[in-house]
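My questions will all concern the structure given below.
Chain lettering (A, B and C) follows the sequence in which the chains are written, and residue indices restart at 1 in each chain.
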Amino acid sequence: MGGQLTYLGVPLARPRVGFFELTSCEGCQLQLLNNEATLLDFLNLVEIVNFREGMSERGDNYDIAFVEGSVTRQDEIARLTEIRKNAKVLVALGSCACFGGVNQLKNRFRDLDWVKKEVYGDFPIESMEVHPLADFVQVDLEIYGCPIKKEEVERIVTDLVVGNTVRHPEYPVCMECKANENICLFELGELCLGPVTRAGCDAWCTSNRRGCWGCRGPATVANLKQLEEIMHTYGFDRETILDRLECFGGFASFADTLRDKGKKTPTGRKNP
Amino acid sequence: MIFKVFKKEELARLHELLAVNIMVGPVARGNDRNGKPLYDFEVVSDFAELALDYTQTVHSPKRFVLPYRETLSTFTLNPNGWEKQVDLNVRHPLVFFGMHACDINALNKLDLVLAKSTYPNPYYLGKRKNLFILGLSCNPEPQCFCRSMGTDSASHGFDLFLTDLGGKYFAEILSATAFDLLSQISCQEPSSKDHTLYKHLTNEKSKRYTTSVDTSDLTKILDLEFASKAWDYWGEKCLSCGTCANVCPTCYCYGVEEQIDLDLRHAGKTRSLHSCNLIDFAKVAGGHNFRPESATRLKYRYYHKHRGFVEAFEEPLCVGCGRCGAACLADITPPEVIASVRGKM
Amino acid sequence: MQNKLPLLDILDSSPDPHRREDPGLFEYTLPAEITSIYPLTAMEKLYQIQIVDPDQRNRFSFRPGQFVMLELPGIGEAPFSISSSPVRRGDLELCIRAVGNLTNFLARVERGTKVGISGPFGTSFPLEKMQGHDILLIGGGLGIVPLRSPLLAVLENRSKYGRVDIMYGAKSPAELLFTYQYEEWRRFDINLGITVDHAETNWQGRTGLITELLQERLQQTTSLRENTYAIVCGPPVMFHFVCKMLTEAGLPMQKMFVSLERRMHCGRGKCCRCNIGSTYTCLDGPVFDYWSVMNLKEAI
């Protein structure tokens, strides 16, 4: 499709792009296919050589690899390493790829064999501790969110094609939430990670009166110590706070320090 | 200034006359977790929707003149170059029905920078010039320190200001439009009794403030205490979330972002309100950050509002509405910050 | 409907680029074209930028030290100090280092690219007051860029100024800017001193700090108090040492000028990015005398 791409007279290379998924719901890729209005323009901007969810042809000759999902099996490490080898730019697409995502909730349990038995019974399946991509390969760019925001991906891809620096908002969700003139959910008695979570979602959840769960991970400055104090002031107990902080994995290291690691329930659940 | 009085029942008639225009006013937005009622400014058409006895809105009225996000210009690219289109986004006049003195003063302060300066901002100016403001007297709330900022009453910047005298309103008229409107309702010249009552009530109101800020020599003290430990104390609490700037009626700092459409044939430029408390506020091309610590950023917020602006305009860039402190989850309030910098905590 | 308010239009004429109170000026850019691109080093290029409309070009006037905003749609807008002589008017030269989004894109564009120019903005060097005096132009790294316009203005009227010294330091010989003009400058009786921090073996010039160059110059004069002006541009650490030395040599603070420009964003005193207390670098600067800078917290 199309001839030579240019912008202000500067010739641009149309990157060959591949989409891949490890352990995930594929919801992020689905988001990209979701809007027919801009899909054709998007397809004009890039050459898609691998997109299982959108087409049947496959190719391994790509410049940019978008990888959705987290690593939960040994064979995924090998696959990821192979993708890394082929790609000039490897993009972690969505919270699972960036932080482990909802999948990494299972890491809360110390006894992973017990988890496996609870979920799969005696069915023979390999499932290890959940990791984000960056635990195994170099990640060049992260696109946050569960799911990712289509407009943001389109903007990032445009920036990559034009050669602009890809920028994420450095500030937390509060900025966008206030710009939408919401009443602070804390004042309405609800828990919210907005003050520490990276913006870019246009306060999607909080504008619909649902507290932020931190799917986009920490903002450049995330004053978690202060937020912890605030949560206590507003009457939330530690387990409620931990449920939030541990949901998507972006706050894993802080959650770890909050949780007393020494104590475990017989089933592996760490005690509050 | 021309004064009139009219019976309270006439207010609905006044509203009706103005209702041919798009109108914004205070409305109830439910209660907070402690049962305290919340208010905000919204577009209203029905007089009954207005919560004219409102305490204070959570958000300031500034978005109606200075939207949080606004497209400054769009570009169309063609083989020979490009063309720029500018739209000031001024669609219609707007009537503000029931603005408190602090917020009127906030607009007056914004005028100093955005309208009455070199390079006036036409996006702001266009909206500001198309405002009709009906001001309304208020009652001091615990967070209000407007009296310390000299903004507890408004002397200009409105068309009509109403003070509640009990059964009637005392009206201050500052525009021909307002005068013309009042001529269409049942209005009287104020009697000397009305004058006395007005003076008594404003005097009585001034005694009901429970929060104050000592502004004496504040510009010098902020310089003297530039290295004060107090900044570190507040900096450690600060979430660097920008909430204070967003709810503030006078904060106007912004950032500009460019977007290129997916078709590579159109582009746009958007202004977004920013906040000096945000980590990237003082970051420059090449990556250097002049204010990497949140304590420094917080300090410069005060430095701008209570020193720099005073130096330039003889008044602080703060109306003492207390919204920033009320909205701050970390409980950082200007009266406490300034007291601590003065060494009074 | 008698109470229907009329919609007031605040823009009633085409904007006048030289009337700073004109609200239409805020987003107005003069259509301009890049007429030539000359690579100076691996990082910097010199762009000739011509305002397209001949009438607008001739009416465009600026004073050395001022800057323009350059805009490319969808890429960005940023301030650049003007490097050309004021007599060239709207036929500008900008020396630009590729460090950010806009400047990296500019490094890729071809001759003929259309850009938007607004300005000129900011304060300038008091060249009229400097007449009859000796002038020290001291620049480190990219700091030579804002010095070039006052230098060229001096060359236009060379006889009106006394002794003129340029002291210019760069990290390495490869980073020296405007090398092709050094001989020409010398022909105009300019004392040009150049030093680099590090050099390859074939470097004939001197190696060392700019303060050493200044020290030698200061030894030739008893006091700078009466008949000297200085303009200093460069990294903060250089400002610090150079301005201190000049002060000790008797140069009054009001005769020592610096150009601060790193933090400007909107150029119009509105966005607050360059605000330091009551000072907006873009309105009250970029040219400040040393006293004003000393009085600013965090300035250098």
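Heads up, the rule we're going with is that a residue touches a chain if its C-beta (ideal position, glycine included) is under 8 Å from a C-beta of that chain, and two chains touch if they have at least 3 such contacts.
Since the model is a prediction, treat every value here as computed from it, not as a measurement.
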| item | value |
| --- | --- |
| Chain of greatest Cα-centre distance to chain A | C |
| Pair sharing more residue contacts (C-beta pairs) when B-C is set against A-B | B-C |
| Distance from chain C to chain A - Cα centre to Cα centre, in angstrom | 44 |
| Centroid spacing, where centroids are CA-atom means, of chain A and chain B in whole angstrom | 37 |
| For chain A, residues contacting two or more additional chains | 7-8, 162, 164 |
| Touching two or more other chains - residues of chain B | 77, 82, 259-260 |
| Set of chain C residues in contact with two or more other chains | 73-75, 100-101, 113-114 |
| Chain B to chain C touching residues, read off their complex | 17-18, 20-21, 72-73, 75, 77, 80-82, 84, 86, 88, 90, 92-93, 95, 113-114, 117-123, 125-126, 129-130, 132, 177, 180-181, 184, 223, 226, 252-256, 258-260, 267-269, 274, 276, 281-282, 284-286, 288, 290-291, 303-304, 307-312 |
| Contact set on chain B toward chain A in their complex | 29-30, 32-33, 38, 40, 58-59, 63, 68-69, 77, 82, 236-243, 246-247, 259-264, 272-273, 275, 278-280, 294, 327, 329-330 |
| In the complex with chain B, residue positions of chain C that touch it | 1, 3-11, 20-21, 23-29, 31, 33, 73-78, 99-103, 113-114, 116, 262-263, 265-266, 268-273, 275-279, 283, 297-298 |
| Sites on chain A touched by chain B in the complex | 5-8, 12, 38, 41-42, 44-45, 154-155, 158-159, 162, 164, 170-172, 174-175, 178-179, 181, 183-184, 186-189, 194-196, 219-221, 223, 226-227, 230, 234 |
| Residues on chain C engaged by chain A in the complex (per definition of touch) | 72-75, 100-101, 104-105, 108-110, 112-114 |
